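For reference, the structures are reproduced in the following blocks.
Each of the next two complexes has chain A plus one other chain: chain B in the first, chain C in the second.
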Partner chain A sequence: MTTRTAPAPEKAGAPSRSRLRTLVDTPEVGVVLACFVVFATLALARDTFASAVNLQGMGADLAQYGLIAIGESLVILTGGIDLSVGALLGTSVILMSWFNVRAGLPVGLAVPATLAVAGLVGLVHGLAVTRLRMPPFVVTLVTYTVAQGVTLAITSGTSIIGISPFFGDIGQSYLAQVPVPLVLFAVVAFAAWFFLERTYAGRQVYAVGGNPEAARLAGIRGDRRVVSMYVTSSLMSAFAGMLVLGRMGVGSASGVGVGWELTAIAAAVIGGVSLTGGQGRVLGIVAGAVLLELINNGLTTLQVNSDYTNIVLGCVLGLAITADRLRARHVARRS
Partner chain B sequence: MTGTAARTADRPAAALRAVRKSYGPVTVLDIPELELARGRITCLVGENGAGKSTLMGVLAGTVSPTSGEVLIADRPLQPGRPDHAKALGVSLVAQEFPLVGRLSVAENLLLGRRTRAAQGAGALRRALFDRAGTHREARELLADVGVEGVDVDLPVERLPVPLRQMIEIAKAWGNRPLVLILDEPTSSLGPVEAGKVLALARRHAADGGAVLFIGHRLDEVREVADRVLVLRGGRPVADLTPAEATEERMIREMVGGELARDLAASRAPAPARTVLTARGLTADGLGPVDLELRAGEIVGVAGLMGAGRSRLLHTLMGAQPRTGGEVELGGRPFRPRHPADAVAAGIGLVPEDRKEQSLLLSHSVRWNATLATLRRDSWHGVITPGGDRARSRRIIGDLGVRLHSQEQPIGDLSGGNQQKVVFGRWLHAAPEVLLLDEPTRGVDVGAKAEIYRLVDRAAADGLAVLAASSELEELLWVCHRILVMAHGRVVADLPRELFSKERIMTAATSRPEPAASTEATV
Partner chain C sequence: MGAAVVLGLTACSTGQTSSSGAGPASVAPVTGKVSLTYLQKQGDQQYFIDEANGAKAKAAELGVDLKVVNLGSDANKTVSEVQSAIAQKTNGLIVVVPDPAVGPQVVQTARDAKVALLTSDDQVCTNSPTPANCDKANLVPRIGFSGQQMGTEVGKRAAEDFKKAGWNAADTRVISASKQDVTVCGDRVKAAKEAFNIGAGASVQTIDVATDNTPTGAQDKVAATITANPGVKHWVVWGCNDENVQGGVTALQNAGVGPDNIIGVGLGAYLACKDWGPGAPSGMKASLFINGSDIGALAVQTMYDNLKNGKPMPAEAFAPTTMVDASTWQSAGVKCS
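Up next, the complex of A and B:
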C-alpha cells in the first residue's frame, strides 16, 4: 500500500526451520502483521475505509507523521530523544509562509531559508548534547517551548494567506493517483533505509546508540554521528512542514504540530525502535507510522467519538511495548 | 594492644563454615572454616582475583554463597541479604563508595539510620527528617574518626576522593558494627589519613569488635595485623601470626611459592625498530611514564588494582586526555585527541570490560567483528552486505570463533569467543601497536591459550603488543619484557632474564614516593 512491506510472512509454503525462526526473531514482523490485520478488519467493517479517496487522505496524513517519525527515530537510535519535532514543524509552517508572503521571498528562497533555520536548530541540539553533555530531553524541551512561542509571536494568532501555489502543488497533487507527499515520504524512507543499512556512517549510528564507549574505543567519532542525526531530525520537521503548509493552503498557527512528537515517538516505539538507543529499523518505523494512521483514520471511519482516539492509541502503544518485551524475553531465554 | 584475654575466649564475631562460591564450573571461593575473633584485626591478602572481594561480599551479604553457612555472632546470616548482615552487625567499607553524591555529608553519614533523638520519639517525630540531630551526629561522628574542618552541608560529590573515603569509613563506623570490613581502605589516601584509618581499626578491635582488613600495602598489613590470612585461587593457603608475616613470606604465599619457571626463551625478539616511544607521559592519575616498544615485542604491564595500567593504555589510545609528555609513533610525533586518531595512526585497543567497552551486545557477531574497520572497508561510504559478510567470515574463521551463525547476537557467545571476535576486529585493522587491557578476563582456560597464541603469532609478524594483566602467570608466559606499575608510574622494567613473581609483587606493592601521595584537606 505505501512503501515496501515485509516479505509476506504467510506465503511461505515449506520454509526451512531457520528461515521461519529468522522471521520470528525479526522484531518488525508483529507490527507489519498488525497493519495487515487492522487494514483488513476496517476494510470489511466499512466500505468507505478502503475507498480511493480515503486511502489518498491516509497517504497524505501518513507522509506528515512518517517524516517526523523517521527523523525522530534517527535521534532515538543514537540514544537520544527529540521533543521538538512537532513544535518545530509548526514553526516551519509559519516561517515558510512568512518568508514567502511577508518577506516576499520566492519559494526558491523561502524553503531553503526555513530548512536552514531548522538545520541550525538541530545543530544547536546536537552540540548541546555532545559538547555540553546536556540531556537531550531537556535540550529539545527548550526548543519545544520556544518554537511554539515563536510560532504565535510571528502570527499573533492569525493565519498568513496568499502563499505561492507551489506549496499546493507539492501538498495536494497526485502522481498517478498517489499523493505527492506520500511519494516524497517513500523516497525519504528509502534514503533512511539506505543510510542505516548500507553506509558505514549508518552502522556507526547504531554503534553509538548501542554502546557509546565501545564505539569510541573502536575509533568511531560518535559525536559527529549524533550531531548529524539531530540536524536531520530538525530538517525532517521543516520538510514535513512544507507538506503540511501545502495541504492547508494557509500558514496557520492553530495547533499545527502540537503533540506530533508523541505520535512520532509512538510510531518509532511501536516499530521496534528501542528508546535506549542502538536498535530499530526503517521497516518497523514505517510500519509503526502506518499502524497509527490506520487506527486513527479507522476510528474516524467507524465514527467513534474523537475523544476516545487517544485512549485507543495509548492502548496500542502499551500493547506494542509489552509484545516487544515478551518477544525479547523469549529470544533471550531460548539462547 | 589487642583485646583482653577474657575476650579472646568469647565466641567468634563471625564464622564461615564450608563456604563455597561458584560461577558455573568456576569456583572463586572455597573456605572450609574461618572464624573472626572479637578484639582482633584479621588481615586478608592475595593477588587480584584471589577471592578477597568475594569473601568480603559473602560476609556483608552482597554475595550469596553457592553452599555453606555464615554466622555473625552465632546467628546465621540469610544469604544475599545485605540489610540482614547490617542488622546482625556487619559494616563494610567498599573500594567503590556507595555514597549518594547529591546528598550532603551529614545526610550520607546517617543514611538508612535515625538520629538518637528521633529513635525514642513519637510516630510523627520519627517520620520527619531530624535536620538538627542529623547535623549534630554527623559532626560528632566525623570528629570521632578524626576528620576536621568538613562542612557537613556540602554535597558529597564536591569532596575530593580521599575525603569521600574517610566519610565512607565514618559512615560504617557510625553503625557501631560488631564486624568492620575494610576493603583496601587506604588505597586512595595519603599517609596521614592512612594512619588515621589504621588507628581506627585498632580502636575498633580494642573495643571488642572484629576487623577484617583487606590490604594491598604489605607494610600496612604488617603494621596492623593480629593475624594474616593469605588467599590464593579462592582458597586460604596460609594463616600467619604477625611474627611469621614478613613481606617476603606473604608474597611467596600469595603467588604460590613456585618460582617463575624459565619458559624456554624461544621468542627472544630480534632487535627490531622502535615503534612507539613515550617520554614523560602524564595524564590524570598517571605518570610521568617513559616507555619504548619495539616491533614484534610483547611487553607486559603488571601492577595492582589502581596502579594506572588501564590509564596508561587509554592515554596512549587517546581515550583519556594527556596532560603532558611526548609520544612518537613510527618516528613521528603522535598526539591523539580521540581514539579515532589512534586507530588511523595504527593503534588498537582491546579494552578491559567486554560488556561495557567492547561489544554491541544485542547486535550480531558480524557487526561486532567489523566495527573498527567500517570506514576503511567501505566503498565511498557504502557497505555492501556481501562484502561485510565476507570480511566478518574471514575474521571469525582466522580466529576459530565457535558459533552457529555470524548473524547471531554476540551476547550469546561464551566470553572466550566474544574476546576472540574483539581480537579479530583489531587484527583485521592491521595496527602497528596493539594495546591489551586484561585480555583474558572472564575467558576460559582453553580460549586463554588460543588468544595468547594469536598474540604471539601477530607479534612474530611484527606487531608490537602492550598487554596489561592481573594474571602474572600469563604475563610471565607470554611477554618478552614486563613493566611493573605502582601509583601511576612504571617502577620496574624487567627483561625476561629477571622475570619472577616475587620481584614483580615486591615492586608492585612498594610504597609511593612522598611526592606522589595525595594529601587531602583533613
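Up next, the complex of A and C:
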C-alpha cells in the first residue's frame, strides 16, 4: 500500500520569505548594497565625488586592482592563495618595458612575451602546489620575494623610458568617456563569470575548492583545475601590469604593485569569497573591488588624512571576514 | 583572451599629448579659499613628517585648505592621486615624486586641468623622464635641497674625519646604505662617494648596501655586511638619510665595533641628534641638517603667492643645509623629536 502525503497548503507569505532568506544567504547582496550606500553617501557629502573626472579616475584604479582581485579569487576558490600577484604585476611592468625598449621587440611580441613569462610563473606555482604538495602560501611568497628582486636587478632602480605609445593608448584612452582599462576589466569580469557559472570546468573549480576529496571521487581532475587557476592568476597580474604601464608612461620600478596582493585578497573576501575555498562569485568579487575603491577615493574626497585609510580598510575587511564566518555558521546550523 | 582584446584596441582615442614649457598653460588666480594638495613620497619617514607638519602650519596661518597624501614609494599611485586631487577641485599641487620618470605624466595631467604645479625635494622635467638630462627651461619649479650638493657635503665631511683619524685604507670599508630603487638616493650616495674619493686622498673600498630606508632595515642589512667582512677594523657609513646611517652605526656598535672606529655621517640630523646625548660616545660623528619643516612651509607659501597674488614661482629655491655634530646641533636649531 502506498500512501501519498498531500502537499501542505502554502502560506501566503512563504514565497517572498524564502526569496528574502535566499537574499540574506547570498554574500554578494550585502556588498552590492554597501556599494550603493557608500556611493550615495559620498555623492551627497561632496559634489566632486560623482563628477565625471573623479569617476574616470576611479574607473582606471578599479581596473588595475580589479583584475588582480579576479585572478586572486580564482586561486582562493581552489582553496589556495597567491601572494605574488602584486609583485608579479610590478615585474610585468618592467619586463614589458624591457622587452619593448631594451630588447627592441614590437608591442605585438613584447606583450605576449611578458604574458608567457607570467604564465610560466603561474604554472610553477600550480605544479609546486599540486605535485610537490607545497603550501600555496610558501610557494607564492617565494615568488613575491624573487619578483621584487628581479625588478630591481633588471632596472638597477632606474626607470625604463621610451616605451611604445600603444601602452598609453590602452592605459589612458576612453571609449565614450569610459576609461579603456575599465572596459577591459568588464570584459575579463564577464569572461570569468561565464567560465565559473556557465561551464563544466568552472563548476569543477568550485568542487575542488569546496571538497577536494569528494571531487576526486567524482572523477574530477582537481590538479589540472588548480594549476590552470594559478596560471590565470599570474596572467591577470601581467595583464594589469600592462594597464599600469600605460597609465604611468614609463617602466617604473618604484613601489609598483607592492602590497597590492592584500587589496586583491581584501576585495575577494569582502565580495564573499571564502578563504577556505569553494565559495564565491564574480559579482561579489567585482563588488568587493568597487567598494574598496569607493572607500579609498571617498576618504580622499572627504579630506581624511591618508594615514587613516588603511585603518578604515582594515576595519571593513575585518567586518567582511566576521560576516563570512557568521554566515557560514548560520548555513551550517540550518543544514 | 585579455591579450587579444588589448591588441584589438590600438585604434582607440588616446589621452596622451606632448608639450613643453614648465608650468601649466594658464592658471587663473584664486579668489576664494585656496585648496592645495601636497603629495609626498615615503610620508612615514621623519623628514617628510616634518615637511608635512611645516606645510600644515603654514597652511593654517594662511587660511589654506591643505590635504597631505602619502604616496609611499608607488609611482603608479602618484598618477592616480594627482588625478584624484584634480577631481576634488584642488587649486594647486605640490608633489614629491617617488620616481621622477612619471614627471611628464604628472605635468601633462596638471596642465590639462589648468592646475598649478610645484615640486618639492625632487626635480621633475616636463618633457623627459630624466630630470638630469632636462633643459633648465623645462624643469618644473622646485623647492628643496640639491641631492648632489647634499651628497657632496656628506662625502666631504666623511673624508675630513677619515683623514683626521689617520686610518689605513686597507683595513677600512665604506658602507653606502640606501634604497636602490629611489632615484634621488642614488644621486646622494653617488655624490658622497665621489666627494669622499677626492677628499680622502686614498682609495677605500665601498660596499653598497641595499636597504628599505628604515633604521631597522639598514641595521639588518649592515649586520650581514659586517659578518661578511671580518677583517675590517674601521668603518665609514653614509646613506640616503639619517635612518640608514643610524641603522648602520647601531649594527656596527652591536657587533662590538667601538665608536672610535666608526665614522657615521648622516643626512637629516633628526635621528643623529638622538645619539648625541650627554656623555654617550657614538659612531655617528656628524649629520647634514636639512629642515623638512622649512621646505613644507616654503612650498605652501610659494604656491599661495602664485595663486593669490600672481607672483611667479621661482625656477628653483634651495633651503640652506648645515653640517652639525654633537657640539653644534642644538645651536643650529635641530629639533630632536
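FYI, the second predicted complex is superposed on the first by the 311 of 335 C-alpha atoms of A that agree within 3 Å, B and C clash if a C-alpha of one lies under 4 Å from a C-alpha of the other, contacts with A are read in each partner's own complex, and residues count from 1 in each chain.
The working rule: a contact is a pair of C-beta atoms (placed from the backbone, for glycine too) under 8 Å apart; a residue touches a chain by one contact, two chains touch by 3 or more.
What you see is a predicted model, and the numbers here were worked out from it, not measured in a lab.
Set side by side, chain B and chain C differ in how many residues of chain A they touch, and the one touching more is C. Of the two partner chains placed around the shared chain by superposition, chain B is the only one that A:A207 touches, whereas chain C remains out of contact. When both complexes are overlaid on chain A, the residue A:Q177 reaches neither chain B nor chain C.
In the superposed model, A:A218 makes contact with chain B only, not with chain C. With both structures placed on the common chain, the touch criterion links A:M248 to chain C but leaves chain B unconnected. No residue of chain A lies at the contact with chain B in one complex and also at the contact with chain C in the other. Residues of chain B touching chain A in their complex: 317, 319, 338-340, 342-344, 349, 351, 356-363, 367, 371-372, 374-375, 377-378, 381-385, 408-409, 411-412, 425. Chain C makes touch with chain A in their complex at residues 1-3, 5-7, 9-10, 12-16, 43, 65, 67-70, 72-77, 79-81, 83-89, 98-99, 101-102, 104-105, 113, 129-130, 180-183, 186, 210. Residues 197-201, 203-204, 206-207, 210-211, 213-221, 278-279, 335 of chain A are the ones touching chain B in the complex.
Residues 46, 48, 51, 53-54, 56-57, 60-61, 64, 107-108, 111-112, 115, 151-152, 155-159, 161, 165-166, 168-170, 172-175, 180, 184, 187-188, 191, 235-236, 239, 242, 244, 247-250, 252-258, 297, 300-301, 303, 305-307 of chain A are the ones touching chain C in the complex.
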